[in-house]
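Each chain carries a letter (A, B, C, D and E) given by its place in the written order, and its residues are counted from 1.
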């Protein structure tokens, strides 16, 4: 027989005004298995808690029901008191007779009867509560950061500075990401590379950071605190250890006319190259598709001229396995490509803008490269088609963004601001030029943002036309921009020299594939989903994986850096203890009865359910059953409701507990 | 704040059970409390982590154990603390209520709702509505009668005893 | 000559224009299809599709007209071949709207006093030629390649719209007309106004608008180096051909661009006799051009 | 049990088609066993009584040569591949004879990880139909003795099997009695339905034949056998019986392959398949879900879509 | 003195008994099947079909409450059902295969312990048997020593006669008393030529030989051969007139509840499962062996009787077609 103690709280008069608390205590005393019941003015006060602790000892209680306020209010308090009294804290339950009773009913008899019923239910429940121990999971204090843009760099530096090892994986030959491509940044117009490159160098030199560039995450296994990550280091064809970064190979490479994607194909690079002069690591990579040696087996100039003998044509992809405890995903974004999309793609492209075939219709990032002092034009704004300086430039906003008919309905958030910046940069460089901006509305929330936007109009004389562009077409060497000015209500045609499209921010191509490897969820556009839009904006629902930057949604640099630091802080919190402790409300499998139908696995949103082989001592496979990884389990219990034989049970909410409560009706 | 709950006594006061998730509806009911809203006292709340945990068997069992009405309530779609628990629950209960209907349980006794932590008012509305509806319908005899009935061979055919049995 | 078996068979909805202002479209279509051994059986007793006026003033009327036509078409075997871009757009739109909106469907069924005919596929001639018949087969059938002819393919605004209706081709950058005429050996020009509105039904109410819009189209085609314009819509044809002289007078520019229906050019290429092409009905005389190119 | 009243009912199909299927099954079974491709063939053999048949696990070519296919072959042999019954089979790959309806069950078992497709050689059989429960097996199969499920069968011809035995003769169109019965019940008031089912379930004696023949009742610990906690009363009283049948229908929702074995074997003639069929119908209407002859990744109740119907939720 | 009873008078007899407050249980049509059930009118009697379930439930209900308990104020009250309230019963229209069974079961229910639930019901029940005139290919009473007109177990016996009606024979005091009480319904004379009896087409089995074979063949491949196909349900046992295994469960909660006794079946996987989770009869063949052993060896060894009356129900309703007659033939052949 159980020995339950029931403690009925008056909550001053909050409860006792409507509920006859003495009667409730009296009724509780009559319940089977209740060894002690009493009432007290304020159970949560120190004397109240002392009363509870004393009663536990005096009456040798093996369970506690505190009939008071909502468990959301004081469950922690009373569980702690119960623990201090020497009982397992999970043997304490709260009967909510305040929010669910005294405050919502006026009739004293009715409220008292209900309070008695509530206490009865909780008494039956607590009798069947099990002693639960917090779950400990060892934590490997190394973090993986995927993506070496500003988000990944910031997160990696923060975590590394806190003294933890970081493995940073970047797909491209150099870290830097999009920010390295930018000319200047809003709203201060400071040079992007000037603020970016020191951080890149810090990463390279940080003793706690292991940098894998030109590498990709191949496989991810494990769970919070204990991930195994397999990284593919793509063959660079240059030995990182030997290369001194002298650059002779690049200078001597006979194959020099390869469009450089870093420069949006406006500049050229050799087949052995670093994407940009400040690349980190400053070690070239051979573009095997365009290299003559790899195409025909002839040439070999770079190998011949390389003093340290670093060029290695035979290099193969390598695999590195890292054990990490946390993962920060910072894979960034791509810009919407207006060319025609294959059938079945929800993205339709922009046929009305010529599907990207008009050379002087460029996107915002290309404009950044044109405006960049280290760009292909040395910072001069020149048209791609004929290298002339454009005198009329039309900027078009919301290309792809907020365009449901194009398959994307969200706002890309950064375009209003960078277009304003573009108009300024343009005006600074082409004083007699005129910038026009077609826009829906200007979205400038951010410190100093609206002031910046106004400056582009008021000082830099950009003409903002509220309306959409319906068509662009080449007419001679001009581009005719047909649009509407809804403020005036007329059709507008502008003959422009250059058109700059503020194309939508999209997740990286293949973002969903990485998500599948990581077991994290993503939205319809393939942006990664945070666990809670408001309260857990940097965590994935999958424990131990955090998000930073535009992979989660369009973001500007300050937001990206903030989120990266936040993700880093989350990682550091996780790494602050050797063992990860969590509430033991997790599902457990009864392996004897589990028949391995894996319905539970199908409904588990956390991917916490694994297939476990049961073998006899000779090693013969007996059966395959479900196993719930307690580190990953979220504790929702959907598995149990789904399991036909109830072979998986959620601790704290077992069928036995629930059915006993129903039994009291 | 509605402090105008009439304290009319009724001939029949139904027993209602509410199966709710802890994150949304339980919190919504708490909010109704902190806002001092008033509603009938007939409902007994059983707390779950998530509607995904609620097994249809519980609903059946509640009716068998004398509930006159059952309420199942959780987070709105998309708000699930556990991402998808309520989506699974939605399908499960869509199917289960059809089954109950097919065996002849009057679905007016079974209410499903989404009540968020901010919807104290909705909680009051849902509970009040169900209470009034079920009160109108009278006690749920079906399962009680079933529980009292035996195979003929096990009956102790005695009018007196039978009367006593039915008065229970 | 013994009738050869048809390789494909269609029911045929010509629409009002093809029996009036666009007779040459109808004639050349019949000629072309006969030459290609594609059967066309005209839907008996067909009605106006209600294009432009009806759907602007009375949706139910416009849907009912098309639904009635579809119901009539049910009596004739084969998918429904449509020549006019406006008829095509209306018929497709009707099908789409009635599929997604049961209430409208109920109203329309009440109006036409018949169940709505599901499942009748509506196809524009271009689709039939490019997809059903096939570009390769079309190329094989060509007897007189239009090798020297530079054609500006003009889609107008209706052929690929509205976007929610299953599309004939990419809404904003279609290529189907180019592909079809290139199969007949012609050259096509890349030009900007392929999809611009010609002014269509403002032709009577706001001729000024039409003059401007159509002038832009003609100028764009001329500047792109086209010898002629090819259309698949009687309304476009009307504005570009019939009004061309008026536009020249108003703008003081010279265009001299014959405006062909695509079936006229194709029929010419597959060897249909010149007299069957309705060339005489064209206002801008095409003969000098065709002679120059050695096609007549 | 009156004998001698030979009411001649017209045979449903030419019995030769069963003979042809029998020959094809035997040939395939003998070949498989002789070639050592399988260790056993689960099929049917004739019983003592005229027209009866029973499941047979043939492990020798001789036994395989005795396999049959007749209208008496009612059993769903997919049952033998569920883990619960698998102990009866020798280790190694086995072959199994399945009708279309049984194949759906087999596909379901694969979808629920109970076996792998490559562990089994599937001999499909073109099945014109089998006897219903209580039919006189001595008489040829006629419309009156045909199982109710077979009248509305859409899977006479299995698809995706390793081999198909027999060919399908032309089949007559028969009134969909089960659908009609379902519609009749659906048209009732809840009170009438409750009365209907109460009477049915009151007869239940909890012999659990329904559970034991069901390929999907493969749990080693049935929820309804549990007494701590006891979610469903285990004793055969009206209350527990009702709960048992409701819980079973719910557990089978989205899984039941419609073989209707539960209904056939019920010695108390409870029309159990109506429950399963009702659930299948609802899941199809709500989610477009159907059990098929191919294994499916997700079940109706183990998956969801954002836009699922929630008109019933306030 | 031969007396006859017309069918009408048989119905009147039922009505008269009901009037007296006696519970009359007999074959009754419900829906698609016939079962033994309390009659409310004589005309409900359905004599043309062997009821789907045997008549054993009259004495041995599928489920009955054997005690109830309640804990209150620290005290536990246990109450037994009042067996005096078991109704007086006449079980009517019982075929010989059903009528013989209760008598066979008396042995086990009054062996080391007198089971009051079974025996009280036996005491209060009068059995009116009826000779059997129809059979099918599952029937095999003649193979296990009964006949279609066996009187064993009946207190009063009816033999259908030509032209309708029955020849009546009182076999013991209970039967005579009933007959005397309603003497007016029984007429002397009339046509007493019995209708042809049912003729199960089976050869008698040598039950002693079978017993002997069973004695020596506890481990025999036959068990696996037969029972590998067994699905593990309880249909055979629950329909059987002689199967009498039961299980006891406590239902309800900690505070109050009932102890119930209900039918068990050796087909079930949990049959004889121990609390330790060990089961001496772990697999289906072992359980099926127990079924045969129990019926044809153990019960014979212990009480000198066979636990099978050849009604054929288990054959008709086995989901997987297991045929006890075929099994016995097989054993008969072997021994």
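Miscellaneous remarks
By definition in this document, contacts are C-beta pairs under 8 Å (C-beta built on N, C-alpha and C of every residue); 3 or more make two chains touch, one makes a residue touch a chain.
Please read all numbers here as calculations on a predicted model, not as lab measurements.
Touch-path distance (fewest steps) from subunit A to subunit B is 1.
Common neighbours of subunit C and subunit D under the contact rule above are A. Here A-C and A-E are compared, and the pair linked by more C-beta contacts is A-C. Of all chains, the one whose CA centroid is most distant from that of subunit E is C.
Distance between chain centres (mean CA atoms), subunit A to subunit E: 70 Å.
In terms of their C-alpha centroids, the spacing between subunit D and subunit E amounts to 31 Å.
Remark: subunit B and subunit D have CA centroids separated by 36 Å (rounded to whole angstrom).
Work out the mean CA point of subunit A and of subunit D, and you get 48 Å between them. Shown for subunit B are the residues that touch two or more other chains, namely 55-56, 61, 84, 88, 92, 150-151, 154. Residue positions of subunit E with contacts to 2 or more other chains are 62-63. Taken residue by residue, subunit A touches two or more other chains at 603, 642, 655, 659-660, 663, whereas all remaining positions touch fewer. Every pair of chains that touch is listed here: A-B, A-C, A-D, A-E, B-D, B-E, D-E. On the subunit B side of its complex with subunit D, the touching residues are 55-57, 60-61, 64, 77-78, 84, 87-88, 90-107, 111-114, 126, 142-143, 146-147, 149-151, 154. Contact residues on subunit E toward subunit D in their complex (touch as defined above): 30-33, 35, 48-50, 52-53, 62-63, 134-138, 228-229, 231-235, 237-239, 249-251, 260, 262-263, 265, 267-268, 270, 283-284, 315, 317, 319-323, 325-326, 329. Subunit E contributes residues 71, 73, 253-255 to its touches with subunit A in the complex.
Residues 592-593, 595-599, 602-603, 623-624, 642, 644-647, 654-656, 659-660 of subunit A are the ones touching subunit D in the complex.
Taken together, the subunit B residues at the contact with subunit E in this complex read 150-154, 156-158, 161.
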